[in-house]
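The chains carry the letters A, B, C, D and E, assigned in the order they are written, with residues numbered from 1 in each.
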Amino acid sequence: MIVRKKTNIFKLFFILRGSIVPKILPQILFVASLGGAVAIAHRHYAPIFPNITVAPFALLGIALSLFLGFRNNASYDRWWEARKEWGQLLVDSRSLSRQVTSYIDGDTESGKWAQVRMIRLTIAFNHALRHRLRKTDPWDDISQHLEADDIAPLKKSRNLPDALLRMMAGKLGACRQKNMLSEFLIQSLDDRITSMAGVQAACERIESTPLPFAYSLLVQRTAYLYCFILPFGIVASQGFATPLFCAIVAYAFFGLDALSDELEEPFGHSANNLPLAAMARATEINLLEILGEEIFPEPILPIKHLLE
Amino acid sequence: MIVRKKTNIFKLFFILRGSIVPKILPQILFVASLGGAVAIAHRHYAPIFPNITVAPFALLGIALSLFLGFRNNASYDRWWEARKEWGQLLVDSRSLSRQVTSYIDGDTESGKWAQVRMIRLTIAFNHALRHRLRKTDPWDDISQHLEADDIAPLKKSRNLPDALLRMMAGKLGACRQKNMLSEFLIQSLDDRITSMAGVQAACERIESTPLPFAYSLLVQRTAYLYCFILPFGIVASQGFATPLFCAIVAYAFFGLDALSDELEEPFGHSANNLPLAAMARATEINLLEILGEEIFPEPILPIKHLLE
Amino acid sequence: MIVRKKTNIFKLFFILRGSIVPKILPQILFVASLGGAVAIAHRHYAPIFPNITVAPFALLGIALSLFLGFRNNASYDRWWEARKEWGQLLVDSRSLSRQVTSYIDGDTESGKWAQVRMIRLTIAFNHALRHRLRKTDPWDDISQHLEADDIAPLKKSRNLPDALLRMMAGKLGACRQKNMLSEFLIQSLDDRITSMAGVQAACERIESTPLPFAYSLLVQRTAYLYCFILPFGIVASQGFATPLFCAIVAYAFFGLDALSDELEEPFGHSANNLPLAAMARATEINLLEILGEEIFPEPILPIKHLLE
Amino acid sequence: MIVRKKTNIFKLFFILRGSIVPKILPQILFVASLGGAVAIAHRHYAPIFPNITVAPFALLGIALSLFLGFRNNASYDRWWEARKEWGQLLVDSRSLSRQVTSYIDGDTESGKWAQVRMIRLTIAFNHALRHRLRKTDPWDDISQHLEADDIAPLKKSRNLPDALLRMMAGKLGACRQKNMLSEFLIQSLDDRITSMAGVQAACERIESTPLPFAYSLLVQRTAYLYCFILPFGIVASQGFATPLFCAIVAYAFFGLDALSDELEEPFGHSANNLPLAAMARATEINLLEILGEEIFPEPILPIKHLLE
Amino acid sequence: MIVRKKTNIFKLFFILRGSIVPKILPQILFVASLGGAVAIAHRHYAPIFPNITVAPFALLGIALSLFLGFRNNASYDRWWEARKEWGQLLVDSRSLSRQVTSYIDGDTESGKWAQVRMIRLTIAFNHALRHRLRKTDPWDDISQHLEADDIAPLKKSRNLPDALLRMMAGKLGACRQKNMLSEFLIQSLDDRITSMAGVQAACERIESTPLPFAYSLLVQRTAYLYCFILPFGIVASQGFATPLFCAIVAYAFFGLDALSDELEEPFGHSANNLPLAAMARATEINLLEILGEEIFPEPILPIKHLLE
């Protein structure tokens, strides 16, 4: 995620980091060049030029705006829903930690053990989920929070975050058999785990189900066709301003399309994706503080405005 | 569901699988041919041509965009809601399995029996629901997960997924009478079953209640009328570019309409529908792992980018 | 509700049942005739014709689309919310029935009585609610599900569905005093009743609170004014195509308006309203099956594509 | 709230009650007169007239539609949310009444007292909330439902509805100390009270937080500027039809603006506001019937189509 | 937040407080001056002027409206969600206070202590959250509500509101060990605390995750480019009315952009942000009244229409 203050107008056109421009520059330049070529050709061979005007572009422009607008809304909703789910994970992580520290008796050894286990497994879940969503290796981040005996069975699991939640429930079941927790608290803590399972399933849904592919095709084909024939439509009235207009229109349409592309998959590594690493680390620090630890890992800070 | 990486611009116009084009090619060709015929006729008989201009098309175009946009939004919402419901089913399936393995004592024979029954009935529910929504035969997928005595009464039921949920509740009631589960856990597990009933009812609602038929008529009639008279409106200004414009406009409008048609019924077999078979199978594997099984069915993979 | 397969383009313009056209035909014909009259008058008396052009119609057209689009969205949301509420009612009806058959001991006489009473009162609630929303007489459908003693007090009630819910709660209270149900189950079943009360209140809200009347006036007045002056605006450029355009524009605008009118009140009897009778009957059959009955009423099927 | 049947086209333009026209007539007349003056001036002094055309109005018109459409959606959402909250209050009122009559033993004196107190306090809450939202005096409506001793402390409270809820919770606490209610029922009834507190807070939120003031300014300034320069833009092409167009455009834009103004504050007394008095009275009658009373206050009926 | 009555048309254009105009005046003046310069240059050197027309601006205008409209909707949703979260905090604060005063026995010393502690910690949470969101110092507002021993550990915490919630849970845990509260009430009160944690996480999410930076860039660059080339497009047809049109268009587009900027970050100090200080103070007074205090702090009132 790009972290920047608002900029003023003088710098507005010189910002590159976080801008979508570098990604779509080839397309913009191509359309602008096409516009230039058409303008020159029109000046010299106007009579044999196809006799088209700008009117039908308005019709197409409305349709194209409809497509781009819809895709943008849907992508943004996915991005914001993903962010909300991670917010919910923070609530669940904090609340579960608060509940085990407040309602399990931490003065007994087994009580303290249960507190530490539940909170550290919650931290591990946060890291495991973000690594699963980004398809990276989780073990550097989570092994320090696990007991040695637990690592082997977890490594065999096909779905690590889900296995961690089941391990948490298993520990709760053990507490229950030892009567360390009332039925009420078991239910309350299990509700938290179910809620975390909900966060995981929602993130997996967003990650595994993109917008219908036919939609992306429809949008992009229409946008490209539109920009490729636009110079012919405006050259008669705009003359040598044609490349400028073509470039601005291409910037607006391709820019929105490229941005929607990034937001559609909010768990990636691009500049407009969610800072999963920083969020998981912040939760880790928060929960270690609840646990009473005094040594914390470093929070992840933005590098050149980019927060991972 | 089509599973594809994003494509680059060079291939963009050559993708067929997952594209909506093959479905609407006849209409596009017809409108383009009409455009061509009108252009030729106009060249030769311009004076007797109806004297219409492009202006009123802008008025109609706004209305048509409104219709198509609304229908598209509503269809997409149905598709995404259906996907969310299947995500909820995954949460419920996992959580119920987690709860029975954590809180029922699996060391006793009756406890183990209860765990196996509840989880396998959950798997059967997943398959039964997807076959019901697609109107296909479920017994190949579910009979292995049922006890022999249970099959006969289930076969008589008019609504198999609902009967499976009631069978699960019946087993819970039996556990309760044997005091194998506390009241709290009964309530917690029953909440899961009620949530699965909610998923089923939501899917049945989407499947049985299409968008109002009058709406589809209104949209399609307006779109066809629009495209059929469009050539007459633009021929005077666009000349022999008329067929090209007509084809692009027809592609945009009919393409969106055809795509909305597919998304409106998210449980079908077409390229933009949900991969119910793959999702149910993935849940089956997930739950068998929770149960400690070591032999799993094969996950369903995309064939030629199409995931069933 | 109209139940139809998708149609092909050849039949598209000949479907009447479920189409909104018959309802707005007078208006369309009037506007088309006006367009024709204006076209003829313009041919003969062009010089004295008011000198107006199509440009301001674009301004008005955007505003009108905004109005119609908003009203359409709001009406559709009401229709779909109403459908969702009936889906929720199905979940509640099934779940309550599942719970009473699973967790009340049906082998004792009083237990069996409680099961039958709760389920039959739920069926009665479904019918009572739909008759209340449609302002028809419920007693044919519900009296068979009630005990003779219960009918008299119910007939005196001002709000039959609400009285049925209170009667269900009364039976639950009786079960509780006889210790037939644990406190947990009382709470769980009462949650179902509260949820059904929520469905009823939501349906009553939709039924009693239409869109603000001033909004309907604003939309319809603007649409009529627009269509009445449209011929004067396009006659100069479109000539004898004027009536055709006027008819299409009138069809699009009045059609959307008339359809919004129907969807706004989703509980009526018109072609685009919800099939309350069929839904209540389907729930009745579902619940009788849960109860173990063997004789069922006939499901309600569509007559000439229309499902009541 | 205006309560009217749909009207037919002949009467459409003659309805005043519920129409927004009287409110914006001065503005419409002013813009129309301006249009007339400009048309006359243009006829006589065309050469010295500013040479502007209709094109830039299309650009501004899109922006203005965007503004008005957004404001309208936001206002309608506020209005409909307010209505939903009152629907939730009805559910809570009915459910709480149903629960106290079903699960508190009404045969003992203290049980009967508790039932009567809880239900009458709920009625009082309904009235107190609506008077608070409308800033009117509640005591005529609520004092009959209170015990003499309770009136004095309530009169001192800064927030009457909130104080009533606390009084209800106090009575519940008293019941609990006398063991008249199980812990479960206390929790269930307290959930109702919390839900009513949620309704109150939501209504207070809508009442105290209007749309951002800068937004209203932006919308209205743009709308006025637009309508004031519109005559100059269309006079050249529309001639003496200018005042007519100006009046229709002003009607559409100012009408939507004025309606949004009313819907934005759904608890007021204007024609498009919610009928709080009638709703509170209907709930009162409903709850008195649950209580077994036989004398009811009169329901509030619409006067000249206006329901308060 | 600006608190103002609706204004009438005569004053409409003279309001400064709460208007967005002062913020964007430089841009408006710049665009207007540019328009003036272009108009003068065009009068004198028309032949060498680039030959562009207004048509392509309509295409760009639709795209720009799409961008600005989307950004505006997203920002408003953030603002309104933030307001809803604070409404939820009010419900939780009131309900928790109601529950501790109703269900904890206030006649014993330890019971009274628990009531006072829970309510005062809730007040402290309200203040701590608003100061955290605004990055101001909380201690003036909260230290009076804390016990002397509690201040030191809280000062060490990295996240004060979260630490306050954990302190509340700790007190609850202490009450539980002394059997002052039933398990049910513990669960009920803990639900309130979890809900407050949800409010905090939602506010932190809104505060820490702005709209994607690329989006702001895309919108602002397009808006500026549009306004900078607009004079060249309309000068030929509008002549010396060019600066006027440019100013109005710039006002509409930049105004919406600047307002979206403010609403996007609803917790700031600008005129259209939420009045956090006034809301927290109002909750403080409300809760002190519940506690039976008789001396209240002053409510915060608007100063020159501005409520902090």
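To be clear about the criterion, a contact is a pair of C-beta atoms (placed from the backbone, for glycine too) under 8 Å apart; a residue touches a chain by one contact, two chains touch by 3 or more.
Remember, it's a predicted structure, so these values are computed and weren't measured experimentally.
Undergrad: Which neighbours does subunit B have in common with subunit E?
TA: Touching subunit B as well as subunit E, we find A.
Undergrad: Walk from subunit B over to subunit D along touching chains and report the minimum step count.
TA: 2
Undergrad: So if I look at the partners of subunit C and the partners of subunit E, which chains show up in both lists?
TA: Common neighbours, subunit C/subunit E: D.
Undergrad: Any idea what the CA-fit rotation angle from subunit B to subunit C is, to the nearest 5 degrees?
TA: Superposing subunit B on subunit C takes a rotation of 70 degrees, nearest 5.
Undergrad: Could you give the separation in Å between the centres of subunit A and subunit E, each centre being the mean of its C-alpha atoms?
TA: Taking the average C-alpha coordinate of subunit A and of subunit E, the gap between them is 24 Å.
Undergrad: Roughly how far is subunit A from subunit C, centre to centre by C-alpha average, rounded to an integer in Å?
TA: 39
Undergrad: Give me the residue numbers in subunit D that touch at least two other chains, ranges are fine.
TA: As it turns out, subunit D has residues touching two or more other chains at 58, 62, 184.
Undergrad: In their shared complex, at which residues does subunit B touch subunit C?
TA: 27, 50-53, 55-56, 58-60, 62-64, 66-67, 70, 74, 157-159, 162, 165-166, 169-170, 172-173, 176-177, 183-184, 186-187, 190, 193-194, 197-198, 201-202, 204-205, 209, 212-218, 220-222, 224-226, 229, 232, 261
Undergrad: Write out the stretch or stretches of subunit D touching subunit C in their complex.
TA: Per the stated touch rule, the residues are 1-4, 6, 9, 12-13, 15, 18-20, 54, 57-58, 61-62, 65, 68-69, 72-73, 76, 79, 83-84, 87-88, 90-91, 94-95, 98-99, 101-103, 105, 182, 184-185, 188, 234, 237-241, 244-245, 248-249, 251-253, 255-256, 259, 262-263, 271-272, 274, 285-286, 289-290.
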